[in-house]
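Below, chain A partners chain B and then partners chain C, in two separate complexes.
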Partner chain A sequence: MSLLTRTRGATATDLPSTRGPRESIMSRTAALLIMGVFTLYFLVPIWWLFIASTKDRGQLLTTNALWFADWNLFANIGDLVSYNNGIYFRWLLNSLAYAGLGALLATVFAGMAGYALGKYRFRGREAFFNIVLGGVLVPATALALPLFLLFSQVNLTNTFWSVLLPSIVSPFGVYLARIYASSSVPDELIEAARLDGSGEVRTFFTVSSRLMAPALVTIFLFQFVSIWNNFFLPLIMLRSQDLFPVTYGLYTWNTQLNQIPELRTYVLVGAFLSIVPLIIAFLLLQRFWRNGLGNGSVK
Partner chain B sequence: MTATEVLVTRSQAKPPRAKRIPRAKTPHKGAIAVFTGPFGILFLLFYLVPIGYAIWQSLLVVQRDGLYGEPTEVFGGLTQYIQVFQNAPFWESVGRVLLFGVVQVPVMLGLALLFALLLDSPALKGKRFFRLAFFAPYAVPGVIAAIMWGFLYSPNLSPFTGLTNAVDFLSPEMILWSIANVVTWVFVGYNMLIIYSALLAIPAEVYEAARLDGAGQIRIAWSIKIPMVAPAIILTAVFSIIGTLQLLAEPQVFRSFSTAVNSSFTPNMTIYATSAVPNPYLAAAFSVVLALATCVLSFAFLKLTQRKAEQ
Partner chain C sequence: MRHTKKAVVAGVALLTAFTLAGCAGGTGGSGSGNAADPAACAPSEGKVTLDFTSWIPGIEDVAKIWNAENPDIQVKVQTGPNGNSGTYSSFFSQLEAGNAPDLGQIEYDALSSFRVQDGLEDLSACKDVVAAKDKFIPWTWNQVTLGTDGVYGIPQDSGPMALFYRSDLFEKNGIKVPTTWAEYKEAAKEVRKAGGYITNFSTADINQFAGLVWQTGGDWFSNDGDAWKVNLTGDESKTVADYWQDLIKEDLVSTYPAWTEEWNNAYNSGKVWSWNSAVWGANSISSGAPDTSGKWSVAPSPQWNAGDKAAGNWGGSSVAVFKGSKHPYEAAKFALWLNTSDEALSALNKSANIYPATTEGLKLPSLQEGVEFYGGQKIYDVFAEAAAEVNPDFVWGPTMTQTYADVSDGFQKAASGQGTLLEALQSAQTKTVDALKAQSIPVSE
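Now for the complex of A and B:
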C-alpha cells in the first residue's frame, strides 16, 4: 500500500509542496485513503445513474447495477425525446430560458447596483445596502408563497413571467459586486474616464465592468444554479406542463411511476441528461467559483 | 426671508461655490439612479411587496353570510396565528427539521472542514482531482439528487442490495437520515470549497513562525488554520441552518418512494399543502412564522459565535 502511494505520489502532476518539509508516508497514505473513500461516495451515485441510463428496462433490474450491459443509451435518449411530443426537450429549453435569461438580467442589475454602492457616495447608501443584506438572509423558498399570493392577485400565476421575474433579483450579487467594485475598480480610473469625457454609465459598461468580470461571472453562475435548482417557485406557480423547468418535469414523472412504470427509464435518462451539461460547465468554470467564494467570505 | 431670497443672496455672496455645494453633496445623481434604479425597483416588487402582502393576508379571515352567502375577507387580527400555534403537525415538522439540522449541519461542515484541511495540507497528492470530484455533486439539483438516491435506497434497483436488505432506508425511523444523506452528498463539496478558499487566503508567513517552533501539520491545522477560517465556517453554518429550515425538494420527492413522508413532513411542505387546499390566509401565516423563526435562529447563532469569539 505504501509502495503504491509512493509511486503515485511521484507521478502526480501536483507541484511538490512549497509549504514545508516532506510529509511522512503514514500521513500521506492516511490522507489519500480518506479522500479516496469519499471520492467513491461522491461519484458512485453519478456513475450508477450513467450506467442505468445505458440499459433497457429489463436489464435495469436484472444486470449488475454498476457495470454496462447492452449499450442502449442512444435508444433511450431517442425514446425520451419523442415521448409525449418531445415534452422533455421543451422542459430543458424552459430551464435554459429561466436560468440563462434570469441569471443574465440578475447579473446586470446586481452589478450596476453593487458598483454604485461601492464607488459612489450618496445619501441612503448604507440603508439601501443593509436592506439588501437582509434580503441575502431571506431564502428563495420563503418568498415562494408570498410571490404566489401576489401574482395570483394580478393573474400572472402559471405564466413564464411568474418564474422568470422573481429570479432576476439577486441581493447576494449586489453584496458581491459591491465588495469587488470597491477593491478592484480604482477611483483614478473612473476619474480619468471622466476627464476623457466619458459619462458615468458608459464608463461602467466599457471600463469598470471589465475589471469586475470575475465577480460578474461568479454572480451569473450562482444565480444560474439557484434558478436551475429552484423547486418551490415552479411547484407553486405552474400548472401547465408546457412551462415546467426540467427538474419539476422530472419530479412530476417520478410521482407517476406507480401508474406508468415505463416512465422509470425516462426519469433516469432524463435526470442523467439534465446534469451532464451542468457538471461539465461547473468543472470548466471552477476557477471563478473559487475566486468568487473567496471574495465573498474573506475580503 | 423666503427660500428663493436665501438662495439668491447665498449665490450672490459666494458665486463660485454656489454651483459646487449641491454637487459636492451628491455628484452624479443621475448615474446613481440609473445604476441602483432597476435593482431597487425589482427588489421592492419581488422581495418587499410580497413579504408585506403575505403579512397582510395572514391577518385576514373569510366570513360568509349564512351557509351559501358570498365569502368576504375581513380583518381577523391574529386569528390565523392562533391557528398556527394550535397546529400540532406544523410544530412537529419544525421539531423534525431542527433535529435534522442539529445532526446534519455539524456532520456536513465537519466533513467539509476535514476535506478542506486535507486539500490544503502538503500530505495530499492529486488535489485538483479530489477538488473536482467532491464538488461535482453540487451541480446536481436537489430534486434530481433525491430521485437518484431514492432509487439507490429502493431494494429492487439499488446496486447495494446487501445494504438495502439489511437496513430499510425508506422506513419511518430511517427516512429523515436518508434525506440528510442526500443533502450532505450535495453540499459537502460546496462548503469544502468555501472553507478551502479561506485557507488559501492565509498568508504563508503566518505558518513560518509555527514551523520554526516545530509545530507539526496537525498542530498548525488546529491552532492556526481552523481559528483563521472560523468566519468562513460560521458563514457556511448560517446558510446551512437557513437551508435546513427551508427543506422542501428532497422530502417532497421522497413521497414517491416512501409512505413515511406525509404532506406536512417539513414546514415548507405544510405551507405548500395549505396553499393548495386552498387556504392562502393560513398558508401566509405559516410563511411569516417560518421566516421569523429562520431570522431568529440565524441571528442567535451569529450572536452566539461572536460572543464566543470575543471571549
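Now for the complex of A and C:
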C-alpha cells in the first residue's frame, strides 16, 4: 500500500520541488512493474472476451486465444440479436431497468436517511444507525430465500417488483451518506436555509444534496454495480424469461450449451456486450467516484 | 447439463439445504402401497392454464404446438438454468412457499429428493398415465416409479452409454477397438505409447461413474418401503473403482477437469482418443472438438465379460407434476403428449437433441440417419441397442447433490495421488448416511 501511495506522489506532474529527495529509480520501477502486472491481470480477461466475441465457433478453440482470427463480431452480434426473438436485448433492458431505477431509488433513500442520521439529533439515532450498519454485514445471498417466502405471501414473486424492491435498500449507502453529510454539510448552511423559510425536505433536495453529490454518485455506482451483478435474487425470484436480467439469462444459456452448441458464441458475445453499459457508467461518473471514495476513506 | 460454476453450485446447495431443513420432518421416505384414488386425477371444468418449468432450449415452441391443438388446456412455459444449476433450488423454495408450477422438468437422479420432501403428485391415479406404461422403455419407467406403486413423473429422455472413439487414430496405430474392459486397458497402454490418452477420467461427473457401476449391475441405493439402504461400496462399485484407479495410477488416462476449455482442447487436438459417454455426448464432442469432424465412430461400451451387452445410462429427465397443482389430470395429459407423441418428440429432438424415452421414439426418422461428424455412421443405432440393455433396477437416492459432491471431492484427491477412488466412495458412503439421517429420512444400515 505504502509503495503505491508513494508512487502516486512521484509520478504527479506538479511535484513540488520542496518535497525532498526524489525516490530511487528502483522503487519507482518496482511500483510500475507491480501496477503493470495488475493492469494486465485485470485487462487480459476482457481482452480475451473481446477476441472471443469476434470469432466463429470453430475458431474459438483452434486459434490463438488472444489474437484475432476472422472478424465475425457483427455476424455474431446479429445471431445473438435474432436468437429467440431477440430475448437478449430484453434482458439487457431489464438489467438497465433493475440497476438504473434501483440504484436511483436506493441513492435517494440512502441519501435522505444518511442525511437525517448525520444532521438531526433525535432519540434512538445511534440505535437506528447501528441496526443499519448491521445490515451491511448480512450478505444478500442469505436474504434471497427469506425474501422469496415473504414475496410469495403477497403474490409478488416472478414480477418486476420482486427484484426491484429488495434492490432499493443500501445499508452501506446510508453509512456513507451519514459520514459524508456530517462532514460536508455545515450546520450554519442548514440554519440559514431555515431562516430563509425553506422546509427541511426542500433544504435537503436543493442545498444539502448538492453538497453531498460526490457521496451520492458513489452510492449510485456501488448500488448500480451490485444490482447488475446480483445473481441470486433473480435466480430465486424469477421464472419468466421475459423478466430475466442479463446476468441470469446468460447463465441460463451457459447451462444449455450441451443441447445447443451455438449458445457458446452467444454467451461470449452477450457477456461482452453486457459489460459495455458498466464501462459507460464508470467513464461518465469516474471523477465523482474517485472523489467520493477518497472522502469516505479519510473521514 | 454439467457446465456449472463451483461457487454457484455451492451457493445453490446451501440454499437447497436451507429449504430442505425447512420442510424435512415426518415426510421421509414413507412407504408405498397407498392405493391411488381416481378422484385425485379428475378433469377440471372449463379452461385451464398450466405452468411448466423446463430448461430445454426451444421447448416453448413445442408447447405452442400443443396450445394450438388444445385451446382448453393452455401451457405457459418458463425456463431457467438446468436443474442442479439453480432450477431445483427454485422448485424447492416454490414448494415451500406453495406456489410451485404445475409441471417441472426433473432429472431421474433428482426425483427421489423431491419425493421425500413430498413435492410430487402421484400420477398412478391417472388412468392414461398407467396405460402409457408400455410405451416407454421399461427401465425408464422404473426411474419414475422409484421402486413403488406410484408414478412420480413421465420419462422424457434417456442417456444410454456407448464408446465414442477416434476411429482414424485407432486404425492408424493398428489398435483394435476394445470390446471388453480388459482390452480397453491394453489399448490404453498402446495409446499411451502413441503419445495420447485413451480417455479422460472426470472427477466431477459422478453420474458418469454411476453409469459405469450401473452397467456393471451395481446399485447405489435401494428402498424397501420403510428405509433407504446406501451401498456405494458394493462389489460392482469396487470393481469399477479399482479398474479406474489402476488406469489413473499407471497414467493411462488424463484427468482434465471436465467441461472446461482445456478438456475440449484435449479432444480437439487428438490428445484424448475415446469417451465412454451418453448419447447426448455426441453433441458435446461435435461442439467441443470441431476440428475432428468425420474422425469419430461409436461402438458399444466395453464389457466386463466378453460377449455381454450390458449398457449404462448417464442422465435423462422426467416431467413431473408438483404437489399442489390444481389440475393434475390436464398436467398429466400434457406431459404424456410431450413425451410420447411423434410431433412433440421430433420437435424436441430437432430443437435440443432430446433422445426419447419411448420405444417408438427411438424410431424417429432423425435418429435413423447417418451423422456427418461421425463419418456418416448411423450412431443412434448403437444407442438404441444400448437403451434396450440398461439394467432396470438402478435406483437414485434422495440426496444425490450431496453424494455427488462428496464422491467428487474424494475423486479429485485420488486423481492427484492422495487416497483411492474406493476410499472416496467409502467416505461418501458414511457422509450420505449422515445426510439422510440429518434430514430425518429413515436409513437401514
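In the analysis below, the second predicted complex is superposed on the first by the 270 of 299 C-alpha atoms of A that agree within 3 Å, B and C clash if a C-alpha of one lies under 4 Å from a C-alpha of the other, contacts with A are read in each partner's own complex, and residues count from 1 in each chain.
The definition used in the following text is that a contact is a pair of C-beta atoms (placed from the backbone, for glycine too) under 8 Å apart; a residue touches a chain by one contact, two chains touch by 3 or more.
Note that this is a predicted model, so its numbers are computed, not measured.
Visitor: Is the arrangement of chain B and chain C around the shared chain A a clash or a fit after superposition?
Guide: Clash: chain B and chain C overlap once superposed on chain A.
Visitor: Between chain B and chain C, point out the one touching more chain A residues.
Guide: In the superposed model, B touches more residues of chain A.
Visitor: For A:F232, using the defined touch cut-off, is the partner it touches chain B, chain C, both, or neither? Pick first, second, both or neither.
Guide: Both: A:F232 reaches chain B and chain C.
Visitor: Touching A:P45 in the superposition: chain B (first), chain C (second), both, neither?
Guide: first
Visitor: Examine A:T141 and indicate which partner it touches, taking first as chain B and second as chain C; both and neither are also allowed.
Guide: In the superposition, A:T141 contacts both chain B and chain C.
Visitor: Between chain B (first) and chain C (second), which does A:L165 come into contact with in this model arrangement: first, second, both, or neither?
Guide: first
Visitor: Which holds for A:T157: it touches chain B only (first), chain C only (second), both, or neither?
Guide: Only chain C; A:T157 stays clear of chain B.
Visitor: Scan A:T247 for contacts with chain B and chain C and give back first, second, both or neither.
Guide: Once the two structures are laid over each other on A, A:T247 reaches chain B alone.
Visitor: Touch test for A:F128: chain B only (first), chain C only (second), both, or neither?
Guide: The first partner, chain B, only.
Visitor: I'd like to know which partner A:T255 touches here: chain B for first, chain C for second, both or neither.
Guide: In the superposition, A:T255 touches chain B and chain C alike.
Visitor: Touching A:F74 in the superposition: chain B (first), chain C (second), both, neither?
Guide: neither
Visitor: Which stretch of chain B would you flag for clashing with chain C, going by 95-103, 203-211, 257-265 or 293-301?
Guide: Residues of chain B that clash with chain C lie in 257-265.
Visitor: Which chain A residues are contacted by chain C in one complex and by chain B in the other?
Guide: Shared contact residues on chain A (touching chain B in one complex, chain C in the other): 61, 141, 145, 148-149, 153, 231-232, 235-236, 251, 254-255, 257-258.
Visitor: Which residues, counting only chain A, touch chain B once they are in their complex?
Guide: 8-9, 12-14, 17-20, 22-23, 27-28, 30-32, 34-35, 38-39, 41-43, 45-46, 48-49, 52, 60-61, 64-66, 108-110, 112-113, 115-117, 120-123, 128, 131-132, 135, 137-139, 141-143, 145-150, 153, 165-166, 168-169, 171, 174, 199-201, 204, 225, 228-229, 231-232, 235-236, 247-248, 250-251, 254-255, 257-258, 267-268, 271, 274-275, 278-279, 281-283, 286, 289-291, 293-294, 296-298
Visitor: Considering only the defined contacts, which chain C positions touch chain A in the complex?
Guide: My answer: residues 1-4, 8, 11-12, 14-15, 18-19, 51, 53, 55-58, 78-82, 85-86, 89-90, 93-94, 96-99, 101, 261, 264-265, 268, 280, 283-284, 286-291, 352-354.
Visitor: Flag every residue of chain A that touches chain C in the complex, lowest number first.
Guide: Against chain C, chain A makes touches at 57-58, 61-62, 141, 144-145, 148-149, 152-153, 155, 157-158, 231-232, 235-236, 239-241, 251-252, 254-261, 263-264.
Visitor: Residues of chain B touching chain A in their complex?
Guide: These residues of chain B touch chain A: 25-32, 34-36, 38-40, 42-43, 45-51, 53-54, 57, 111, 114-115, 118, 121-128, 130-144, 147-152, 156-159, 185, 188-189, 193-194, 196-198, 200-201, 204, 207, 211, 217, 231-232, 235, 238, 242-243, 246, 248-249, 252-253, 255-256, 268, 271-272, 275, 280, 283-284, 287, 290-291, 294-295, 298.
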